[in-house]
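By written order: A, B, C, D, E and F. Residues from 1 in each chain.
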Amino acid sequence: MPYVNIKITREGATKEQKAELIEGATRLLADVLGKNPQTTVVVIEEVDTDNWGIGGESVTVLRQQNG
Amino acid sequence: MPYVNIKITREGATKEQKAELIEGATRLLADVLGKNPQTTVVVIEEVDTDNWGIGGESVTVLRQQNG
Amino acid sequence: MPYVNIKITREGATKEQKAELIEGATRLLADVLGKNPQTTVVVIEEVDTDNWGIGGESVTVLRQQNG
Amino acid sequence: MPYVNIKITREGATKEQKAELIEGATRLLADVLGKNPQTTVVVIEEVDTDNWGIGGESVTVLRQQNG
Amino acid sequence: MPYVNIKITREGATKEQKAELIEGATRLLADVLGKNPQTTVVVIEEVDTDNWGIGGESVTVLRQQNG
Amino acid sequence: MPYVNIKITREGATKEQKAELIEGATRLLADVLGKNPQTTVVVIEEVDTDNWGIGGESVTVLRQQNG
């Protein structure tokens, strides 16, 4: 019954990609620790690039610098 | 001063239902552990059904299968 | 399939009290939102009083001031 | 490589204020613990006032009472 | 720069298994969303079975019933 | 009434350093957003280096490589 929380920036992940994350994370816990997939919960949270920082700068600013 | 985080799928919980969750969780901590309600914080997070998985499938897909 | 995370200071909550929190939180989600208790997950995290702050002070210090 | 999660009510924090939170939290970890700013991650989550409770009441209601 | 938080019950996961979870979750985000592995953070939290509930019961009790 | 969660690796942060993190994070929210320090909650979580990964490797391994 693991709980996996995946936080990513909101930059257009599709419904299909999210389904792959859910399936992949569930399989990972089953493969590595033998956890029952039926009770593994995966929650994906998408965060605006203004609200995500690394290295002291928002991702919004980092994307502009790399643009 | 407990902190309670409730994550649910975004499927139309009303303002009144959220108020009941806040009140009920606060009372639970007071009843069971004697925690001061004044400093109990409750945060409800609603997650799109595409972003919530159980059993390796998104809730969006599960709802369709059960529809 | 809600997920409830309860954070409290580590100050001697018993196994019985934790069981009451799990049962009460699960019932709350069933009563208010009709959520299936079988897939409601509750995770309790106990945090050292040195590691919990409110009002800019650790709970360790606050407990001493109120002692 | 610390991870800092800041949850606030969604009440109009600007892009500039969020940038200050990111920069300030990153600096705090560097100043106090010598953590490398390059790998410090800060995630800000804004929560509707209906979904945030303290003292058993939602912030929506508290704001009206204090209005 | 995703952040992945994996919560599992504390039931003897080894250092090697945790390394596999870290590597697998990082690869999953790279494969599905093209995320740079260098800035993907994975945090595993192990929770006592008394502190984890599903179906309104602690995992401690569930393990005894299934024992 | 912000909630700040700081996750760091468990590598000997002292009680005094934790108090500085609590005070600094509380002041940051007051300075930037005018939040009332009395209801700002800060929770510090220390995570074993085996349980923290970046770049697909645990911090335990990274520390050895850099040793």
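Keep in mind that, in the parts below, a residue touches a chain if its C-beta (ideal position, glycine included) is under 8 Å from a C-beta of that chain, and two chains touch if they have at least 3 such contacts.
Just so it is clear, the structure is predicted and the values come from calculations on it, not from any experiment.
Between the contact lists of subunit C and subunit F, the overlap consists of B, E. Any chain touching subunit A that also touches subunit D appears here: B, E. Rotating subunit D by 180 degrees superposes its CA atoms on those of subunit E, with the angle stated to the nearest 5. When each chain is reduced to the average of its Cα atoms, C sits farthest from subunit A. When you average the Cα atoms of each chain and compare centres, the chain farthest from subunit E turns out to be D.
Centroids built from CA atoms put subunit D at 21 Å from subunit C. Mean C-alpha position of subunit A lies 25 Å from that of subunit C.
A separation of 14 Å divides the Cα centre of subunit D from that of subunit F. Under the contact definition stated at the top, the residues of subunit C that touch 2 or more other chains are 1, 3, 7, 21, 25, 39, 41, 43, 45, 52, 54. Applying the touch definition to every pair of chains gives A-B, A-C, A-D, A-E, B-C, B-D, B-F, C-E, C-F, D-E, D-F, E-F.
On the side of subunit C, the complex with subunit A involves touching residues 1, 3, 39, 41, 43. Residues 15, 18-19, 21-23, 25-27, 37-46 of subunit E touch subunit F in their complex. The touching residues of subunit C, counted against subunit B in their complex, run 1-9, 13, 17, 20-21, 24-25, 28-29, 31-33, 35, 39, 52, 54, 59. For subunit C in complex with subunit F, the touching residues are 7, 45, 47, 50-58, 60-61.
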